[in-house]
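Look for subunit A in each of the two complexes below; its partner is subunit B in the first and subunit C in the second.
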Partner chain A sequence: MSASPQSVAAIESPHQLKRFWESGPAAWNKALTSPRAMIPFFLVAFAVPLVLQWVEDNSSWIGAQYWTLILATCAMYACLAVALNLVVGYAGLLNLGFIAFFGIGSYAYALVASDQIHQRYPFWAALLVVIAVTLAFALLVGVPALRLRGDYLAIVTLGFGLIMRDLILDLDRPPVLAGHQLGPDGLNITGGTNGIHNVEPFNLPMNLPILGPVPHFRMYYWIFVGFLALCIFCMLRWRNSRTGRAWVAIRDDELAARAMGVNTFKYRLLAFSVSAVMAGIVGMINAAQIFNAFPSPNFDVQTTVVVFIMVILGGLGSLPGAILGAIAFTVPPFVLQQFVFYKYLVISLVLVAVMIYRPEGLLGTVSIRPRQTMGGTLELITAEAAVEASELPAVTDAEAADLEAAAGAIVEDPEWKT
Partner chain B sequence: MDYFLQNFPQQLVNGLEAGSLYALIALGYTLIYGILEMLNFAHGDVYMVGAFLAAGVAGVLVHNEVAAVPAGLAVALMMVVAMGGAGLLGVGIERVAYRPLRNANRLAPLITAVGVSLFLESAVQVWVSPASVLVASNALVPQTVFHLGNAVTPLTGAILFAVAVALMVALDAFVFRTRFGSALRATAQDREAATFMGIDVDRVIMVTFFLASALAGMGGVLFGLRYASVDFFMGYLLGIKAFTAAVIGGIGNIRGAMVGGLLVGVLESLVGGFISTQFQDTFVFLALIAVLLVRPQGLFGQPLTDRA
Partner chain C sequence: MSEPSAVLQIRGLTRRFGGLTAVDRFDVDVNSGEIVSLVGPNGAGKTTVFNLISGVLRPTTGSIRLNGRELVGEPAHRITRHGVARTFQNIRVFPQLTVRENILLGTHHWTRSGMLGSVTFWPPTTRAERAAQAEVETAIDLFRERLEPRLEDPAFALSYANRRRTEIARALAARPKLLLLDEPAAGMNPYERLEMAGLIRSMRDRGLTIFLIEHHMPLVMEISDRVIVMDHGVKIAEGLPKEVRGNPRVIEAYLGRRAATA
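The block that comes next holds the complex of A and B.
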């Protein structure tokens, strides 16, 4: 994909603004993923807690801590949405057990950084453990499930999420199989419904040069934003690589991709496991941030749906969309306490409404609108291709008239009409 | 071994009871999948709504002491209301949420179905009851217990099994012996060709949703009578297990779903009785994965061909 430098040309006149508005979600997505948009965005994101702190210091407002926590949650969900986007938006795999990998990451870190099994690994060792464990689970599910057609993948991953939740809830006591107890009495791996407490946070300096003392939540906000930036950078690089093109090819037309010699299983497994490992690392950061690993939000299928709606609303295949979606669905429950009760009701309604009325989301690059075709089988059309076509040099009316005249058409001459 | 022989009949009976319920729900998955090639995640929640409708009817009749209504009539009323209500709900869901996406890519209706499922769950949670609702089945069905050798089952269990089997036989006859059934099978085989043959595909799909959802609603009634308690989350796990049953039997295959449901129920019950109650569900899903690996088309399904 050759990005022409003109595609993100600075918008100077209202006319250009209008054209930009009319260029559609895929073009907006492209403009927003360019370094010219991404670098300022992350600089601003980095500075926001400092600004909040400054406002708090210089006014009677007290909410810097609280809002930093909200922002950290936004950043966390944005990371999850970006990871889910990899598997659903890029590779077109419906992974309904996605959130289980987040939970597995949390618990893997909690186990090696608390008194639960009396292990306190240093950060890098813990990170390796988290990656290894989530990868192992991803392969365990992915290798059998990804050989199947899409619908079966959805149900196998849904079942996997459910099994993981049961295991986490039940492994606070030694498992009993056919009357034989496995493991000693008092064996407690996951803490059952109570979860694992007193998880050690990362060993980070409380004071940074230049920035001064850094409160806990601000530090974790920056960690999430940093991880988000890393993920987005990798995903953008990946998107334009051989691997990314293979993913999109599989998503758009699996049969054609296979005919072109793409090893569909390999690339699907890659997308599935990379996304799982990303979710696992987010889970690890979350466990360190809140000092706990709980079964409830970590393994609930509702949480998967919440991350799904973030991706869908933002637009399948769109990274800025994933961030937007994360903000849109994280802030309201914090601000409107009343909203909490109706949260899932609203979320599910929005999900259905978006799918029906604007299936490509706000910034989607994948159009999944119904198409009438003879065979009724054409499925995905990529709006990115349309954007590229629209970037061909525009032909003015006069040029068009010349061309038509050259081709022997009878052309209306504007000057002849007196 | 003695322990096994003594308890096996009871576990088998329990398994057949649960299995006939799974089969009833699995039929819905298989009917809808067969005709639209879509996985209706909301199906388990339609079953849940049916159970709530029945619980509501039972509550009104029993608690308000509408004494004039005999118990048999009350149960019949529960069944009619739950089947009708769930059936209409299914038709409504199809009309509002799935029809606009019928020719969209496969992912779109799946995601919508997940949304509809969460909507039904949270709507019941928010507007009806966040806790379990008791069904006054004691007041409606006599407390008779049947003895079958070493095994016992209450009358409600026998009703569950009998009604479920009767409905399955009726559905089978409907699909394989009636004119509309052959239209349904034609639509499942090739929607466009069916249109060319003069079949009103929209109507077939509507009726399919009604049938599937009404069966689920009846499942809800039977569950309520048997276990006397319903809650907004009950459709979720059962939905997944019923889907497992449909896949094991060969998705899209009606007789397969029936056998698959009974198999899953018996497997689950035997695992619970003799291996581990803790890991019952885990074993069911392992069985699903095993079947998918060895025989992805299910036990009775036609070999899958890729339809790109």
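The block that comes next holds the complex of A and C.
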């Protein structure tokens, strides 16, 4: 909406490049999220598997499918990171149960697209089911939890994630409540530790015009990239609208946001549930891609941590940062595959170095710190804001001087004695 | 005392924090188009009164009416919708938002635009956004040469005085009937303070009703239509600036008994 002309201006000379580098992360984000950067990025992302295939066809190298799958994983995590960035980066809500919504989405799709409960819905009906189910769970957790203050939200959402994992593991047999068995013997909803198998992929035309027959792995890579593009588009529109401004305002200063007429509970709930639904849809695509819904990566706390690392590494509140974090955290483990023992060492060292030298993340402008006063939100601080805090005593001194002057005026001003 | 033109009418307002009575049976009327100042020593309960009016705190007892509508019990965001906007003593601009976005927050409660509307370029949403952007231009009218060059800068990069101006512009963009200013001139240099006095007057001339807390006495004396003095949560004097400053109870509150009798 309010893109300033200088930051989106063409960068042509080395001098401009240097100035761009010096303009800092806020300007980088603006430039990287402009259509001039985003459209080429997604065109390249779209073309990458075709290039890999071409190289494979014309050389002795094989690995087009392998690398496309890695990139699909990468795109999937980028979608999750963008969704998590909405709730943590924009609205400042520490949602540690985030990945449960991904799992819920995958199971909701698996249930209506497999023989598990003998339901096979068409794509759009299944999508509606996934949205409705993740939204219902988001409201179930969000409505009570978002009224909580401070770190309690993190505790409640973490607990929710763990409960969902146990629920999925135990629902392979009929639940027993207070001695009463609910449902018939042999009722198996979630498949327990095995998960749900033989999930139907989306019913899509696999023979596209121009591109010809598209193999399954490439199709799902494109679906993920397409969904990522959709998410990014929505995020950019929201960030520059009334809704997004309200989110960031609540994160920055909840009291002031309320004083400006923002219904803070409503907007926090919106951010929480929209991000959950996005994660649910990513879970649905994942289940269709791998024909399965598994309890293990889909509900693991570790997976939440991985997505959190991506968002924080890339920079809270930064969309290019979330994509960068996803790439930086999914691709290197495969490249470093041969150094099995050292790969986590290398990754940890890189993370530690980033946190020391750029605590606000690669492209972020804010670093994270729990809010002391009020909220259910995180306080995100800037280096500049920290300097301001140290200036505060000077301000109060000035106020004190004012006060003395005022008191002096009472006795010294000759008019006062009339 | 209840004239029909009273915009704000407070009766028997009391707020206790445990054993401390921060505001004690406080009454006030603020009439339309008036500048009323609330003064008093530190800890007198002035900011508590503002927090009670704007809904940040709930009163223990008492009534607050805005144009006859009871505000007590309403959540803070709805009170803003009824027409009360405020600024804070320790400036509370949104540091990560740009100056423009900060001021746009003021338009939040009177614009209607949802998440679906903004992704689908739904015409009413686009119109609402355009109306909000136009309001920014109106709101910064009084600060044009100060804020216009900084509109796209994040608020944390602003000077102290510019943050105050941003905060006031944000409150103006909320199109309030009653504007509460909590120490608008605190920490400003004499020149900026003079500018602030002119600013408050021109806001009044545009039809706003202004209720302000201020420590800087010459400023209060110069711009106020009426002055209310508080001490220990109680209103100790009320009247024209000239009347109030001769009041021995006021001098005692500020400087102690000896100064008052000297």
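Remarks
Criterion: the second predicted complex is superposed on the first by the 343 of 418 C-alpha atoms of A that agree within 3 Å, B and C clash if a C-alpha of one lies under 4 Å from a C-alpha of the other, contacts with A are read in each partner's own complex, and residues count from 1 in each chain.
Just so we're on the same page, a residue touches a chain if its C-beta (ideal position, glycine included) is under 8 Å from a C-beta of that chain, and two chains touch if they have at least 3 such contacts.
Predicted model only: the values in this text are computed from it and were never measured.
By the touch criterion defined above, A:177 reaches subunit B but does not reach subunit C. Looking at the shared chain after the overlay, A:49 reaches neither subunit B nor subunit C. Contact with both subunit B and subunit C is seen for A:253 once the two complexes are overlaid on the shared chain.
Of the two partner chains placed by superposition, only subunit B is touched by A:163; subunit C is not. Once chain A of one complex is fitted onto chain A of the other, the partner contacts of A:364 are absent, as it touches neither subunit B nor subunit C.
In the superposition on chain A, contact is made by A:243 with subunit C only, not with subunit B. By the touch criterion defined above, A:25 lies against neither subunit B nor subunit C after alignment on the C-alpha atoms of chain A.
Legend: residue contacts after superposition of the two complexes on their common chain; A:344 is shown touching subunit B, with no touch to subunit C.
In the superposition on chain A, subunit A positions 253, 255-256, 380 are in contact with subunit B in one complex as well as with subunit C in the other.
Contacts from subunit C toward subunit A in the complex involve residues 42, 54-56, 75-78, 80-81, 85-86, 88, 92-98, 100-101, 104-109, 111, 113-115, 118-119, 125, 128-129, 132-133, 151-152, 154, 156-157, 160, 170, 174, 183, 185-187, 215-218, 245-246, 251, 254-255, 259.
Interface residues of subunit A facing subunit B in the complex, by the touch rule stated above, are 88, 92, 94, 96, 144-145, 147-152, 154-156, 158-160, 162-163, 166-167, 170, 175-178, 253-256, 301-302, 305, 308-309, 312, 316, 341-345, 347-349, 351-352, 355-356, 359, 368-373, 376-377, 379-380.
Listed in rising order, the residues of subunit A touching subunit C in the complex are 1-2, 4, 26, 233-234, 237-238, 241-243, 245-246, 248-249, 251-253, 255-264, 270, 274, 317, 365-366, 380, 382, 384-385, 388, 395, 398-399, 402-403, 405-407, 409-411, 413, 416, 418. Contacts from subunit B toward subunit A in the complex involve residues 33, 37-39, 97, 100-108, 110-112, 114-119, 121-123, 125-126, 191-192, 236-237, 240, 243-244, 247, 274-276, 278-279, 281-282, 285, 288-289, 292-293, 296, 304, 306-308.
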